[in-house]
Amino acid sequence: MPIRTVVWGENVHEQHNAIVARTYPDGMHQCIADTLNEDPDIEATTATLQEPEHGLTEERLARTDVLVWWGHAAHGDVSDLVVDRVCDAVWSGMGLMFLHSAHFAKPFKRLMGSPCNLTWREAGERERLWVTSRNHPITQGLPDSFELEMEEMYGEPFGVPEPLETVFISWFQGGEVFRSGLTYKRGAGNIFYFRPGHETYPTYHDATVQKVLKNGVKWAFNPMVRIAEPNAAPNVPVDTAPEKIEERGPKLHSDGEEGFR
Amino acid sequence: MPIRTVVWGENVHEQHNAIVARTYPDGMHQCIADTLNEDPDIEATTATLQEPEHGLTEERLARTDVLVWWGHAAHGDVSDLVVDRVCDAVWSGMGLMFLHSAHFAKPFKRLMGSPCNLTWREAGERERLWVTSRNHPITQGLPDSFELEMEEMYGEPFGVPEPLETVFISWFQGGEVFRSGLTYKRGAGNIFYFRPGHETYPTYHDATVQKVLKNGVKWAFNPMVRIAEPNAAPNVPVDTAPEKIEERGPKLHSDGEEGFR
Amino acid sequence: MPIRTVVWGENVHEQHNAIVARTYPDGMHQCIADTLNEDPDIEATTATLQEPEHGLTEERLARTDVLVWWGHAAHGDVSDLVVDRVCDAVWSGMGLMFLHSAHFAKPFKRLMGSPCNLTWREAGERERLWVTSRNHPITQGLPDSFELEMEEMYGEPFGVPEPLETVFISWFQGGEVFRSGLTYKRGAGNIFYFRPGHETYPTYHDATVQKVLKNGVKWAFNPMVRIAEPNAAPNVPVDTAPEKIEERGPKLHSDGEEGFR
Amino acid sequence: MPIRTVVWGENVHEQHNAIVARTYPDGMHQCIADTLNEDPDIEATTATLQEPEHGLTEERLARTDVLVWWGHAAHGDVSDLVVDRVCDAVWSGMGLMFLHSAHFAKPFKRLMGSPCNLTWREAGERERLWVTSRNHPITQGLPDSFELEMEEMYGEPFGVPEPLETVFISWFQGGEVFRSGLTYKRGAGNIFYFRPGHETYPTYHDATVQKVLKNGVKWAFNPMVRIAEPNAAPNVPVDTAPEKIEERGPKLHSDGEEGFR
């Protein structure tokens, strides 16, 4: 069965900016989904901010293996309820790939627990991404480096936790560097942040970027059964302890009681 | 100058439970602060849930080097505004030591970005903590293992991100294990989670635990000047780029504009 | 194509100890290989210390996707040449799963860069392994914990570097704990250390352990083309630099020269 | 008491190359030691390849808190005995800072367990180092980036394990990037790799580089008592097990026996 992927797009610039609309006539999310669908192992659909519940109902997330997130101008419009739902889905095992300006998306900030800030410049400068973890699954089919002739600059320090692995580091023409490919695990879910993708440039039409997107989805996919209650903190009663023990000492809780949250 | 430490206590069980009140007549927070004050390098005061703004005003956090957090029954009563403030302080460089049931405290969950769940049992069983990172500063003066005759059990899987370092792992009489000492960095702030400290047992009167608390504060302390705006994402205009570049290509932003959040 | 796996066995205890010979009549390596061969995705053969070049010629390693290593009494008899060869294979992308007493095997120590020491006791005590990274591929099909009624104890502190992920932690009846499942990446190769497997107990006949062995091989397998020269440190001449630069300043090396090693 | 630091220099280029000799009239090691001695918390001496036992006797390492290592042309001339000794000292708690071409030094390769390879170019190009871990002790007093007008280029992929933390990443004029500041722990010892320092340029006369060297020594220093036998793997007899157990099952070892190595 192919990897059920939902590409979430904010879908704002496409509606208000002629350049973006021309570069991505069906929206950035649709372009990314079309790319992913070229791969027989992936089956991608889309969801957008404007749909009810942003297209991310409980039911839909339950049948989503990997979510892809692009947002920028409207981070603040994303409902906190949906953010909670997305985090729960990740913790239960859904993969999540964050793209470019999604570094400031609510779910990314929530999952990182850090400011996620950086420096930036929109000047159409050259970016060159270098592989820092050879033969990482996300680098399948890539050379040691590849170039994007025009991209927005993101610069260090990038306010994220130390990752599981640093997969790409970018060089920018204007003199900055950036950790452009980072992997994380939160609960049972795999997370991949991938930097390129400024809306005014044709980045998602680039063949190497498209390869990374496909690799990223495959890497983030966890085929195991999702965890039913990813936040559960069950009490283990004395009589079901793995080793036989006698209860003793003062107690606050009565048997089988829920813990405090 | 000593490390300015604030011990935050929820201060609920002490008011409602005779056992806790007897074990910690001035509150758990005061017991911990007294312990820390035995060390000439630390100067500890307290703050509690019941004070205005939970005793954690902007001004106080600005002069706090390390915050210590114990909470349990009233996690939900902690104001989200104060949680945001605490996270900002950590990101700017304040150290934060979370104790025991603070695994479910709002700031811990926010800083971890993960469910932070576990299994538990309150049966007064024996816990033995093993050092897993020899000569880590937090283990200064400790043997390779030490025991607490009666403690609440916390069991794996513990729903936290892979730490920078695993410093302690606990063995429980009833058959479980738990990663009881974990270090993290979020923004410029050092975070230490330390498991022991159930309210109905005299854990914070134990000399070895007290040693860990002192070591933990010293480890979490970052002597560098706090970052003024830990969330800032400054634009770097083309004419101040480290390397001379010419602006080109289509643009969405005008010069010096704020980024989207 | 199935994962080409070689199970390397020291094959010493099997020849000299009646208990081990009875428990593993065809050798521990053969038992492990037979187990792995139950999985249609794996094709396992064996190699032993006593074969020429310990059965690990350059050619054989070149066609090995994952190597499994069990050694104990004869670590010192493993040729340094073969150790170098194994490390090179790992760095080029071969997976390597180390079992039990292989914590002191030459290739493990070489790949870890640390003492790899621990405490131990052979008393047939109960071991219970807890999953610490839920839904990690290595835990596929496992419950949150499983037991081995009789095992040798290994205790912390375990002298290894902080892993990519801690997958299992063991509880021992005698009071110790141990990080029993650890993942690493060295060069392009994935490494998994898995603790259980003392030679006098029937551990590799246990169904759950067998499941972990199969999962471990699949996790360690890297399907990408092996790196031809994993130690190469190529000079990039000025005229092939990604960005046009002019050579300047004093030089030690002449063009295209090999670096020092 | 100041941090007892030994700066180990290969001391070969200084003897054979006029440019290096002019830039570092007393040797690179002496220049680095002089710099470190400006800091009242550090007391630095030197040792060189040419001295008996390379100046690194058992006794000297025992009273060394932090070792600094610069080597290049003569990596192969370093005695394996001394390499073993240096690794043992690190594992027992000695700090070790590796500089520049020491990425291929025997002790670095041994402690990393990986190929430690990279790409390189000697063209006097501009290097700019960016801080990636804000307020890390090693960045004390540094701006977010600093420049070296002429340096040798080192490029990714850098064949090292994922570090504890990535502290610096370099931008090179010719288009490459490199993880230039990396921290590790091996046994009880802290390790810092710092990239800059090609012998034909005046890098160690640069004030910011000098600041990093001082910070690096302080970070690597572990004030705790050194571990006496960092490789010991003691047997824990049944009657001294932390929890009372009865011995059972078949045994290979007799009581109190040494384990195999």
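Think of it as A, B, C and D in the order they're written, each chain with its own count starting at 1.
Quick note on the criterion: a contact is a pair of C-beta atoms (placed from the backbone, for glycine too) under 8 Å apart; a residue touches a chain by one contact, two chains touch by 3 or more.
What you see is a predicted model; the values in this text were computed from it and never measured.
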item: Smallest number of contact steps required from chain B to reach chain D; value: 1
item: Copies chain A and chain B touch via same or different residues, half shared test; value: same
item: Pair of chains joined by more contacts [C-beta pairs], C-D or B-C; value: C-D
item: Reference chain D; chain at largest CA-centroid distance; value: A
item: Centroid distance [mean C-alpha coordinates] between chain C and chain B, Å; value: 36
item: Inter-chain centre distance, chain C versus chain D - centres from mean C-alpha coordinates, in Å; value: 26
item: Junction residues of chain D, two or more chains touched; value: 128, 133-134, 155, 159, 162, 164-165, 171, 173, 175-176, 185, 187, 242-243
item: Chain D-facing residues of chain B, complex; value: 93, 128, 133-135, 137, 139-140, 145, 147, 164-165, 171, 173, 185, 187-188, 222, 224, 227, 242-243
item: Chain A residues touching chain D - in the complex, by the definition given at the top; value: 128, 130-134, 144-145, 155-159, 162, 164-166, 169-172, 175-177, 179
item: Residue numbers on chain C that touch chain D, as the complex places them; value: 13, 17, 19-20, 72-76, 87, 91, 101, 104, 110-115, 117-125, 150, 153, 155, 159, 161-162, 164, 173-176, 184-187, 198-201, 230-238, 241-243, 245-253, 259-261
